[in-house]
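Just so it is clear, A, B, C and D label the chains in written order, and each chain counts residues from 1 on its own.
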């Protein structure tokens, strides 16, 4: 089976991802930021599909978009955002910060360019129909311990969240 | 066929955008969203590398990173609520009681 | 196939988790106004059980869970250390929680869960598992830092720790991704094979740098140390005792594994620079501090620097020096913070240097105990701190790091000055009026202090056994 | 062999006392405290005597080898391989033992440390009887004995360092014993910080040796050094020796690090006697003597030691001339005598230096204890201007102190004569007179020493009484527990010198012979034939008693008597409100004293008023100094040339003391940290995102390094 994806898909999706990521930063209203984040996440899910990772793409949509971002929105609703919107949204070091991050990004790109030789152009494809089964098998065999430990992580997170959100201890 | 390095460059760009957001935004919640952006950039890199090495490990990692992101989000947002309770603001510049 | 021995190899983790869960369940059953001491005792028993489990585990070295964790002398060393620290912190928390009127059994639960993460960090040999374990320990410390809910400073310390921690973690994770990209694996021993076999691409180097960021943040090495003073100042004192030691120890274990077991290249100069920077910045900044917790924070930065000197020394002697230093440092620091937490009393009021004036006469035993820890931090002989430093310096010298040793020796001479200030204040100044009242030391705290003093002296007088164990672990690591 | 094999018990005895005081001190009565603490030191002394006795027997049978007892492996491990490569590429073990070494050198230290220590402990029972913190005092003293004995008995540099740091700590605690006195705590801090500088040098020197020679152990290092594999003047060895000497300068109060010692007199007098006169301050001498095999390979370092020693000797003696506080005179005298010891070491006369340490321990301890007795009698008066005519009121103190004074002044046949004369002779003759310039300095110092010591004696005992009336009624001789140690020490001050009766006076110099195995220059010393050759050489030397030696001996006796005579003429009749007779003949000398006080006040003013460190303050001070110098020159254009030089030296030393050491080193640390704290402030201003930016900058740096490496 030929690759479903063409470069155009890639360009389109990455344009959406980058633009909405910029939107996350630029928007004054956190609600708008959260919505922009959703677009980034969705376009990333699209890219995952292109990379033959349908399971991850699905989890991305369910867990990230459906869970984490909704959590963000909840919290934004809980908190009075009126005043925040009237304040400056960037701090005084914005220019330095921007330059530093740009330099960092440039360095990473340089690394990829320098390290390109180790990537063969044509990678072998996965048989995609088995993807979910295979991931499941890995999770419950090879990665059994991390999987279990991840549940402990979630337990800690729940306890922590409850403790921090309680009015008094 | 899109070369793998394209994906990686995209992930670098997203990562730096996250860093920018973290460095310059004043709203605690947006700061936090920037961290999510960074984590997503990492995920993209993982999936791309997984494709590269034809190894499913990379995809499994993404799954774990998402779990971690969820856990961080839960705790982080709870802490943000606690901050909001004591200060009535989410401006990160105001969180500077502790300094030399 | 998973066998029983696999479970033995994660026994301390299992034990700690079970006790943590038990605490959370009993917490629900306790009336809201009741003291949480019983939970504390339960946690203490849990840490003791973990210690026992560690000792038991020592008889079953090897890999477990499909090459996810590895039990060897190296990880046993850290398991023992972390469980011991957790026990000490639990003991020194009883009184503190009562004084601060904190009635949250979650506190003990989180300490135990955090300990699970740290213990796992030291035995995990797979980067993603390390990452998850790191997150467990981080998240529980984020929350513990904010446990003094009435104080805005505590919450602030929590949010600062959280934001910067997640930021650093993201870098660590990116580093993991890059190393996966470069080598096709995240298992430390497979990475080692790939790296030793092939050429070192720019990606591997970048990955090492990025992982060093994440771990450097945890161990408070310059220039990733910036959060430390603020967070330590705001967080509850016993929690600082925990987070300035146990997660650091675990993070050092991870760093050792990444650098030496995975044989990653090119870490030398960053570590060299970071060591020199940490020592110098930490010590100089500590000179001008008036808050004891901040002062100890800078001191812990400086100590991270000394530790990195041992890293730079490399080879098995450097690794065992680093391990020994971690143990000595952890014990004396936990002790110092236990005293500080006792003395800070309700609301953490007495934390400036001035408050320590005249402590030598009002509470001689407490002052003497703190003096021992401070002397050990200075590196006066017959304390663990002395030998740890000595060993690190000679290890570094043996690797011909002459300049680094000179920087370190000069730094340790400077450092004496600020530790001495506390001793001078305690013994040679009159208390200001009104003098802070010092409560009697409660039995659990007394036990904790006695244990730390004994351990500090033990490491100074008879370091042989611990050193033996550490060097055995080190030898296994480089193999 | 029991005592020799259980040598490790010796330091543990006082450690036990210290532990007892730490845990139970507050609950014990004073008599119980004295019983345990003093009793344990007495036991330690007896034990040491028996041990040394046994050693002499053992050594005779074993070619005068050092005795080593290794208790356990302290640092490093027995089982696993902690090997490393030394500088030369040789493999060596990382290995430091909790081991003990007894050879003639440590035997001498062992004996006088426990002996003098015991006497001072006994003395303290009386002296501290009415002071608070009795148990604390004895606890610290016992802790001091423990660490000092560790220092002396350790068989490697690390053990030596343990004791080294330990005695520093105890000294610090004991100087600050009267912690309510601000001056006491300042003095304690000063001592600690100045010593810390020395310690850093020592530590680096020690590491250099280990790195270069592959061992910390004295016997192994000595063996390598004497094997002939290392060339004389080896730069690394020179560096190591110089670094070690920096440490010795700190601990043994040599220029430029001597300043803490005079201030250390803020501690109780028995402490001054034990720690700051007899034992701890000689640790530097011990260390250099212990490293003699290395030092002889580094002539440059030896030269430095000799010069620093001579300079210190005359510098400190000149300050001693103008002090009024009885303990300060003694303190400067100690610094000066330590200078003598280093002079001896520097010219290669190790045995002479050690001999002076030995005799000095007795008479200086005696002087301090006597001074303590005087202070005790006069209800804590320390100013000699308010003393006088005590000769009949406290006769025992007087007699014993007189003996000590005669000893330190170097008058035949008291102990100091022999040791000092030996040093001067060696300075004259060593290396065919290469160090003869130092002899002149030493000789001038001998004269000054006699002068200031007899000045002290006249002002305190013989001159008419200037004691205040209320005090006068209470004058009393000290209790037995205080006078008996004085008498015992006086006995030794009188006779200890006979051990080193020189060949030229038909003596046998047993002391030097005893030390011979330690300072032998060749490893073959231990061989039988070599030993005989050595003895033959000694005999030859004996026969060739140089006529110059007799001449110098008479010359130095002359200097001592001249100093005595001058002091008698000047202070013999110093009545109430006396003017310093020097001041009468040379007014600027009086101004030296006066201006010292002025400088102190100016110093206070400057530090409380202005905080900027830099050209401004130094300039102001420099101008003041210049003005003073001009003034002094005009008034006193050279009435008394010798007096002027002396005064200028004294002035210079005070100036050095006040401005360079106090100003730059001690306070300078505090002030220079202020701008440094801006650095911290710049990084640490509480904003999360700024912190994150610092981190990103760090990451950028690292990643950049990786990409462009």
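The rule is short, and it goes like this: a contact is a pair of C-beta atoms (placed from the backbone, for glycine too) under 8 Å apart; a residue touches a chain by one contact, two chains touch by 3 or more.
From a predicted model like this one, the values you see are computed outputs, not experimental measurements.
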Query: When you take the mean of every protein CA atom shown, which chain's own CA mean is nearest to it?
result: C
Query: For chain A and chain C, what's the span in angstrom between their mean Cα positions?
result: 31
Statement: Expressed in whole Å, how far the mean CA point of chain A lies from that of chain B is 7
Statement: Separation of the C-alpha centres, chain C versus chain D, in whole Å, is 42
For chain B paired with chain C, centre-to-centre distance based on mean C-alpha positions, whole Å: 26
Chain A: positions in contact with at least two other chains: 91, 93, 97, 100-101, 104, 107-108, 110-112, 114, 142-143, 146, 150, 153, 156-157, 160, 162-164
- prompt: Could you say which residues in chain B touch two or more other chains, in rising order?
  reply: 8, 15, 18-19, 22-24, 31-32, 48, 52-53, 57, 60, 64, 67-68, 71-72, 75, 79-80, 82, 92-93, 95-100
Sequence positions of chain C contacting 2 or more other chains: 128, 132, 135, 139, 142-143, 146, 149, 158-160, 163, 167, 178, 202, 206, 229-230, 285, 288
Query: Should the pattern of chain-chain touching be classed as line, ring, star, complete or other?
result: complete
- request: Enumerate the contact residues on chain A facing chain B in the complex.
  value: 3, 5, 7, 10, 14, 17-18, 21-22, 24-25, 30, 33-34, 37, 40-41, 44, 47-48, 50-53, 55-56, 59-60, 63-64, 67-68, 71-72, 74-76, 78-79, 81, 83-84, 87-91, 93-94, 97-98, 100-102, 104-105, 108-109, 112-113, 116, 119, 121-126, 131, 134-135, 138-139, 142-143, 146, 150, 153-154, 156-158, 160-165, 167
- line: Counting only contacts in the complex, chain D reaches chain B at residues 677, 680-681, 684-689, 692-693, 696
Field: In the complex with chain C, residue positions of chain A that touch it
entry: 107-108, 110-112, 114-115, 117-118, 141-146, 149-150, 152-153, 155-157, 159-160, 162-164, 166, 168-169
For the chain C and chain B complex, residues of the former touching the latter: 128, 131-132, 135, 139, 142-143, 146, 149, 152-153, 155-160, 162-163, 166-167, 169-170, 173-174, 176-178, 180-181, 184-186, 229-231, 233-234, 285, 288-289, 294
Query: Can you list the chain C residues touching chain A in their complex?
result: 2, 10, 13, 17, 21, 24, 64-66, 68-69, 102-104, 106, 109-110, 113-114, 116-117, 120, 126, 128-129, 132-133, 135-136, 139-140, 142-143, 146-147, 149, 158, 178, 182, 201-203, 206
